[in-house]
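Following are the structures in question.
After this come two complexes, each holding chain A, first together with chain B and then together with chain C.
Right after this comes the complex of A and B.
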């Protein structure tokens, strides 16, 4: 399954990147293709391409603040959580994403 | 309750704070350097009558003076996107003009954002006037309604409340300062940069915008000291011939401690996850001690972020150093004492920690 997402926290220097790392590791461990864009204070990094978004089965938004470019995910299944959840329970979050995708099918 | 959640008040406030922090840091350092070298903030820089230090102090002061405007604009933008910027800006400036300060800016931002959305939703215009909606109708009507409410309804009570709050904080005696600092210290430490920390941060940032620097200094010094304390615990424990960290955790410390020096507490999270109760106890005790020392000695950084970089901006940097050292020592010592010794067997057996279950309320599926 293909997962893309965005991580963004308040200060934009720590939680954002920890959430990204944890989610990507958890996703890869579960055998998925995963890419998480970070919107930190430094700006957007690891920007998702339109193709990645197009192909994704599910979007995970781990954000405490308003993210930019939310309209890119119009019409997709989206799971939204606080960065805290992605940091604390990344594997459970990925499991949840799998469930949501299964429900759809 | 669900309605309240839908409004996402905290999310909008945090978004605005994320815009605010770089401005506060930039302006804070400017004013700290300028004033440190004898410059003063001036309303107007008159040709030939100011030094470079006056210039720096004025730049910083100008930036810090606009914080209510920044927070109002940020909140309004977060709520209403682009149409929220103009009214948020104007109502924020209005809050400044009536002396409603940072609290006024926060309320003004919500006012501007929700008004803009309401107008966008409820006022229908003919097709030819569509272009007028974002350029004239929303900015004008939102600003006039919100601005008048700010000046004639909420402005004065907020201004009165703000000065009451700052006066009360200014006049705290030494024992209450000790208490207050302790509480700020505990609250800022216990969830390692998580939601409790951010809520306290919003509160103490409000106070700093009103010129009371002590509480936010206490909060950030605790954030700085906690990871360093975790590092020190490694060595103290070695003195007792104890091994409190697994090799993976020691590895995590190598980046967590340097991150701590510049005010990032989150690096220790992987360690905390493995021994949550013991780590939180040590952090809370150390934070209480550090916060209490910081507040009672009057550490008052003008910059609300930066770890050890905040020290030079204090009137009395040694008070900050003392608070840091006390906090680091207490956290380190407590950790070294209460953490269990890791035997070789346990290290080899290290299994994946069970993760917290996700609460359905914390997750939104769209």
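Right after this comes the complex of A and C.
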């Protein structure tokens, strides 16, 4: 499964980056291809390419603030949660993404 | 207290409640500031919690703010002498890592902090910080990160 997403929190210094690491680790552990863009205090990093977005089976938005470029994901299946969920329960979030993709098929 | 000015370590720390913790942090963050500025920092921490829980892992909190009242960006570690109840929903807290981010901080410092926060996604690292029994070993663990991040 191909997963892409964005992490963004209020201050943009902590949850954003922990959420990215945890989601990427959980996704890879579950055997998926995953890439999470961060929109934090140092700007956007690991920016998703149009191809990555196009090929993604699902989008995970772990955000406490309005993210920039949300329109890039128009028409895609999206799971939106607070960063806290990605930080505390990354494995469950990946499982949820798997379920949503299965339902879609 | 130990550590350089960027990482401050308080081991076996005798803080017993959320208010005591935030009060102590405000004193550190605003040590060259007026009491009004310290109070402003205290309230900013409380306000930040309304936007989301500071808990990042079982037994671990990561309260953090960006403020014009903070003179120097710092990361503070509090290994508590005894576990504390934080509020109605968060209990058994043993480690509090606090990020104080100065408003309009320079990019290099911000990057250093984000590099550190990424390391907190590593459960093994947090486990070590939670379970190390000797102050000197705890310091070494932080120093190791500091050296690696240079």
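As a convention for this text, the second predicted complex is superposed on the first by the 105 of 105 C-alpha atoms of A that agree within 3 Å, B and C clash if a C-alpha of one lies under 4 Å from a C-alpha of the other, contacts with A are read in each partner's own complex, and residues count from 1 in each chain.
Heads up, the rule we're going with is that contacts are C-beta pairs under 8 Å (C-beta built on N, C-alpha and C of every residue); 3 or more make two chains touch, one makes a residue touch a chain.
A quick note: this is a predicted structure, and the numbers were derived from the prediction, not measured.
Asks: Tell me which partner touches more residues of chain A in the superposed arrangement, chain B or chain C.
Replies: Looking at chain A, the partner in contact with more of its residues is B.
Asks: So, A:100: does it touch chain B (first), chain C (second), both, or neither?
Replies: Touch status of A:100: first partner only.
Asks: Kindly classify A:21 by the partners it touches after superposition: chain B alone (first), chain C alone (second), both, or neither?
Replies: So A:21 only meets chain C here.
Asks: Touching A:89 in the superposition: chain B (first), chain C (second), both, neither?
Replies: A:89: touches chain B, not chain C.
Asks: Which of the two partners, first being chain B and second being chain C, lies in contact with A:80: first, second, both, or neither?
Replies: In the superposition, A:80 touches chain B alone.
Asks: Give one of first, second, both or neither to describe whether A:11 is in contact with chain B, with chain C, with both, or with none.
Replies: It touches chain B and chain C both.
Asks: From the superposed pair, tell me which chain A residues show up as contacts to chain B and also as contacts to chain C.
Replies: 9-11, 13-15, 18, 41, 64, 82, 84, 87-88
Asks: Which residues, counting only chain C, touch chain A once they are in their complex?
Replies: 48, 51-53, 55-57, 62, 64-66, 99, 101, 107, 110-111, 113-114, 117-118, 120-122
Asks: Flag every residue of chain A that touches chain B in the complex, lowest number first.
Replies: 9-15, 18, 41, 64-66, 77-82, 84-85, 87-93, 96, 100
Asks: What residues of chain A sit close enough to touch chain C in their complex?
Replies: That would be residues 9-11, 13-18, 20-22, 25, 40-42, 64, 82-84, 87-88 of chain A.
Asks: In the complex of these two chains, what residues of chain B are touching chain A?
Replies: 11-12, 14-15, 17-18, 21-22, 77-78, 193-195, 198, 259, 264-267, 269, 273, 305, 355-358, 362-366
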